[in-house]
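The next part holds the structures, each set out as structure tokens.
Next come two complexes built around chain A: one with chain B, the other with chain C.
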Partner chain A sequence: MTRSSDRRVEIRRDPLLTEKLIYSVGPQHPSLPSPLELRVQADGELIERVTPELGYMHRGVEQLVTQRNYGQAAGLISRCEWLAGSNADWLVADAIERIEGITVPERAQWLRTLVLELSRIGNHLFWFGNLGLEAGAYTPIFIAMREREMLLDLLEMLSGHRHHHGWIVPGGVRNAPPEDFSGHVRAFCLWFRGRLDEYEDFFSDNAIWINRSELIGTLEADYAFEYGATGPVLRASGIAHDLRRDQPYAMYGALDVQVPTGEFGDVLDRYRVRFLEMRESLRIIEACLGNIGGDTPLRDPDVNPDPEALTVSRGEVYTAVESPRGELGLTLVSDGTNRPSRMHLRAPSLYHLFLLDELCRGYLLADLFVIYGSLDIMIGEVDK
Partner chain B sequence: MSLSLMLLLQQRYDMSEARTMWEALRAWLNTEPLPGLRFSPGASNAIMLVTALLFIFVLELLITIGLQVWERRLMARMQGRRGPQEYGGVTPQRFRRIATQVGALIGLPAVLYGVNYWTGGTADAKLFWSMAILFFALGLAGLLYRRLLLPVLNANPASGRGLLSILKFKATLFSLCMLPCFAAAGGLALAVVLGYLPKAHIPFLPQLTVLCTFLAFILYMAYMIRFYWRQGFYDTIKIFFKEDTVPLNADKLLYLIAPILVYIPALLSWVVIPFGVAAIEGQIVYYMIQDLNVGLLLIIADFAMFLVAVIMSGYASNNKYALVGAMREAAMLLTYEIPMLMSLLCVAIFAGSLNLTEIVQRQSMTWGILPLFPAFVIYLVVSLAETNRPPFDLPEAQNELLGGYLVEYSGMRFALFYVAEYSNVFIVSAIMSVCFLGGWKGPMFLGPDGLWLTSLFWFLLKTYALCFFFIWARSTMPRIRVDQIMFFSWKFLLPASVVVMAATAVGVVNRHPWFSANQLAVSEIDVTVRDSVTQYQTLTTAEALAVMSVPEKAFFWGYNVLCLFFGLFILVMAWRILFAARRHPQPRREVSWSG
Partner chain C sequence: MLPEELAGRIREECGDVLLLDPARAWAILTDSGRLLDVCRNLKNIGFIRALNMTANHLGGRDFHLYLTLRHGERHDASLTLKWKFTLLDEAIAGEPGEESAPAYAGQSVHPSLSLIWRATELMEREIFEFFGIPFAGNQNLVGLILDPQLQGFPLRRDFRAASHENYAEKLLEERADRAVRGVMHDPQF
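Let's turn to the complex of A and B:
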């Protein structure tokens, strides 16, 4: 795929003296669900430059967690990525387990895998609805939220919370699932397969949508690699990189994870890859369901269950999870107290946000929002 | 259905003595309306002007609010969620009750007509009359009981004993009275097919029909206002109390008059739309203000003016988003006006007139959609763009331009834009039903006396079916990009509309009966003016085929077979989209799996 064959409009030099328009998109804009400002320099509607202006949501999480214990730190970090908060819980738990050399019971590992995949589907559903809105379709957000509601009900049934579950704790998981949990999850999988077909019927083959997304915002593999893109954005560009397969954590090593990749790295490929990922997540969830039964312990008895009193010995560790948006990494430095002494979050959205300028240049203003939606950027991660 | 039955169902009425409501009002004012009361010409003109303005204004406001509320409810239904006023307000029981009452009141006269038809009008008229009184009294008693007495009884805790308890028990009895009403509603369908002409004279039957329909209408309106339109009225009242703001450094004059200029053409178009027709004392009266000879032209001009006012508002707002919205509007105006004109020109060729009532009357035998189906499709697409409705809502694009040219407006001026937009949706649908779907034409199942009702019924049915299409498109499609919209129009719609117009002209020349609405031109030599005078002869398709020459026949069959294939193609595509779309496990593009 060469650069000349995509649908970029060639920027011409206008002999008339004209001024460039600078749109200030955001921080309050219906297409940007979180506060972010995009300075868009355009010739009419033709985009020449996009500059993201950050800082509208900066909370200083990396500093705040050094003043709090590990339980509170996990809660704060999951506030950076609220659509799939269990990933942050897993990161903190895994970092502590690595430093202390704790082994997690296998049943708990299966349950963690299950919850991570449920979160992935929930996040992708939100992304689908939002992308529909950015393309100007009003229905996807409603039909996606309908299924997401069922999914949040499942997670609430398991952990008592809908968004920030705090259910994955160092040494295992917080509590055993209720008795009828697997039955409910199985019913959800059955229902959701049919719903995915419905989405595809409704949206994927729509001629207008194909025209809006095909060869729009193309990202070549080398560019994606250089910009540090991960997750679906990287896979859509043709690089089959998935931490679940290449660097297995939890129980993914025991599962045969299939990695869908795209060809052109355009909006349509990112869309397709995420849809295939949802189907793959369903398959993983069904595989997990067979292994979560029994009444073996769910938590290592050596770990102090009181988060206030949990101390971690001196050490430094980097751990990463394949979050719905890409590689979400955590560097944790501990000094032997009950508080982390230094923390850094590697947020995939940050890397994807700085791709925006490269992807949007030469396209029209309407494409900016579709490209932005296809990258699935969460400002909570970017402005930590 | 045989052709003769089709023709019978589409009754034609003598139009030589026709006039509009406006003219009827003038005639009435010129006579002595009340004993001793006479109006000077100026006074009667003023009265007529005020009446017409009030009529248009109230009608437009009601239809606009109704359409907007309907859209919100319908989109909620399509998206699998609940809409406004759907949380507990309307229970199935309540809906069933109102449906029973309305159905009963409408179905009663229909059953009488139907029975009358089956007995061939030989039975004693007194029997029908007494039946009518019985049914009506029972239905009315049940209605009054349920609406007035039962709530009092239910509110009274002592009603479980004594005389009141008997009355409460009677509730079952009165409910049984409602049963014939269900049968009556079924009889309506029967009467549509069979009873469109009563064969015996039943005294007071027309009056009874009118009374029943009026009551049903009142009931229905009460229901709609209480459970359906209330939110719309609240919104309308609320928005009139909002602050009217003018942005800094705006072009104040243009900014302030733009909403008015948007609103006025939306009002003007209502003058020429024929809603229906009534036979009053042997005379045909159209439901419209003015039967203009250039009605179609007026409506086209109104739309052009609407677009200019939109551009004006976008320019005057001193806002980048509004400016971009206005520029998109300008691009769309240049792009979509031409195919729209071309497809309406096909109608003008087909009907031989720009007069909207004339266009409707021409479609007694052949509806415009039959020969002009491609033009209809083109106009359907273009009308979405004309009214700025999704998927062509680029100028106001909520998610990109925050409302585009609307972004700075607030309060009443904002409301004027919205009223104009929804009013345009109705007008465009009305134009489509007038030009392509035969306007008020349809089986006149209530006979000449009920013409005022049936014509209105058919017109509103067709128009609202097209409005449904607008709402359906909004809840289904993503938005098209501005360059794609222009490519689509310049490269596809414009050539297609030119071809369709040429085909229409060729069809008229080749005396294909459908292209000239089954009214074929016959040239005759008129001795008084010593010149050939074109006269029109109404022929059915079979009769026309008999008088056509061989090349004309060849064109007829060739064109029709071509159309048949086109129609089959459309049907197959629709089938595949609607029913066979479940089978697509294969992605459109190869996605490789590795791992």
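Let's turn to the complex of A and C:
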């Protein structure tokens, strides 16, 4: 069966006999936020094949975690997902809680939900700024970073760290939020909703951006399904699948999460889906704020708070979180000691990266980075 | 999570070889020889998405493999399948990163699931690279991440990084050599 991307190449091929060229893009390239090599075969300007070459950031995380205690392992896993590291913290905590049968206090669950959504917005803002650069627009990165700084200030206020928060721990959360935290978050939501409208005004409806993104890098739903796409990439192709709604964790089950979808699976749809997700995240954050007050416990008292002494019974579990990029999964095999026997991270970016070949075939070289940017690839979680 | 009606169908189709725990969305395959049949049945039941596949080295030549599936229509339905695999005799596996899929000795290969779920092709490549389990039928069984010069399989229990004590030194020498040669056109690229 001929793939649609092959048909696209044939239709758009220049009848002139042009020499086929192979470009090596990266591993250091202005359009690649993290090191990766893309080998691009092109006929003139028409992309025929894209092969990702990985490993430039490999740190051996899955091997290292087996030599660390669970607290340190969570920190290492979090460093695979540095833009929204709380998702990785949540994964490790949830895997341990499932094996040990730990019940997390409800207030802590609300706080976890809040932090996961703040992380989602922080990630999407970085993506938005970067996508602007890929498309040749410089304004998004400046304004997105402005808002992101405010968001990182909030997370720092909560956890003491701007990136790898380590705030979600087995049994609950590490500490209570400061007294004025809710007020700051509420003010941020109010401010950011206005800024989202501003972004939409100057970028989303911009004719140049629409020309660069509409019907570019289209991904059919069946293909996305078959090749392991998840998250906004899958939803942009029209499939309404979101773990927060379909397999609710933390307090998402009580929040009636709305799942935006696209129609054509092109760059523009992936862009719009993420923008709608940021609005939905704001709604979720505001809903969480009403439930994080009080002085009820934030951690199961039976869980050993010393990460070095925390042992996990023998068991195996797969758990997953709807990270900003898709389904971030963790397989944990524990052997009763204070160190994991095996930990494997399912990185959504790996599958999206290998979709690049299908997405780029038949488009122009100039489209390569717009398509790449629309996928929101995190090389840290791919290379591990 | 595994809804009861799907659990019922799985018991009907694969009950004789699966120990099913719907509460954990977990199943253990008792007869690894039936793996492909079970996988085809699960796909027919509607588990059309392979989300994750990984392995755990138990020591010696024994491995556990884990495959997580999701239902195509019931997005709330997942299942993780676990089975044991024993590498009967050491495969004549080329080192990760070789250009073509190497040849393997008879029974020491694991059947590839990539003809059932295309997404498992990448997962099998990862397992091959880190554990040295060869997958027969995977059309693109080459390493993904590791340096092709690295010897051995880093996630096996018997892997010793110390055996590569000169590795960093060699790498630096090679990089210096490249820097001297400058950027060259490589016709084999």
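Operating definition for what follows: the second predicted complex is superposed on the first by the 366 of 384 C-alpha atoms of A that agree within 3 Å, B and C clash if a C-alpha of one lies under 4 Å from a C-alpha of the other, contacts with A are read in each partner's own complex, and residues count from 1 in each chain.
Simple rule for what comes next: a residue touches a chain if its C-beta (ideal position, glycine included) is under 8 Å from a C-beta of that chain, and two chains touch if they have at least 3 such contacts.
Nothing here was measured: the structure is a model prediction, and the numbers come from that model.
Partners chain B and chain C, brought together by superposition on chain A, fit side by side with no clash. Annotation for chain A, partner touching more residues between chain B and chain C: B. Across the overlaid complexes, the C-alpha centre of chain A sees chain B and chain C at an angle of 130°, to the nearest 10. In the superposition on chain A, no contact is made by A:Gly253 with either chain B or chain C.
After overlaying the two complexes on the shared chain, residue contacts for A:Pro30 are found with chain B alone; chain C is out of touch.
Within the superposed three-chain model, A:Asn211 lies in touch with chain B and out of touch with chain C [touch as defined at top]. In the superposition on chain A, contact of A:Pro178 is made with neither chain B nor chain C. In the superposition on chain A, A:Pro297 makes contact with neither chain B nor chain C.
Judged by the touch definition given at the top, the superposed model places A:Gly160 against neither chain B nor chain C.
Of the two partner chains, chain B is the only one that A:Asp367 touches; chain C does not reach it. Of all Cα pairs spanning chain B and chain C in the superposition, the closest are 9 Å apart. Common to the chain B and chain C interfaces on chain A is no residue. Every residue of chain A that touches chain B in the complex is listed here, in rising order: 9, 21, 23, 29-31, 44-45, 132-139, 142-143, 146, 197, 200-206, 208-212, 240, 242, 245, 256-263, 268-269, 272-273, 276, 364-367, 369. Per the touch definition, chain A reaches chain C in the complex via residues 22, 24, 39, 54-55, 58, 60, 62-63, 225-228, 230, 241, 246-247, 316-318, 320, 327, 329, 331, 333, 341-342, 344, 346, 350-351, 354, 382-384.
Residue ranges of chain B in contact with chain A, taken from their complex: 75, 78-81, 320-321, 324, 327, 390-391, 393-394, 397-400, 402, 474-484, 581-582, 584, 587-595.
By the touch rule above, chain C contacts chain A in their complex via residues 1, 24-26, 48-52, 54, 56, 64, 66, 68, 72, 75-76, 78, 80, 82, 117-119, 122, 130, 144-147, 154-155, 159, 189.
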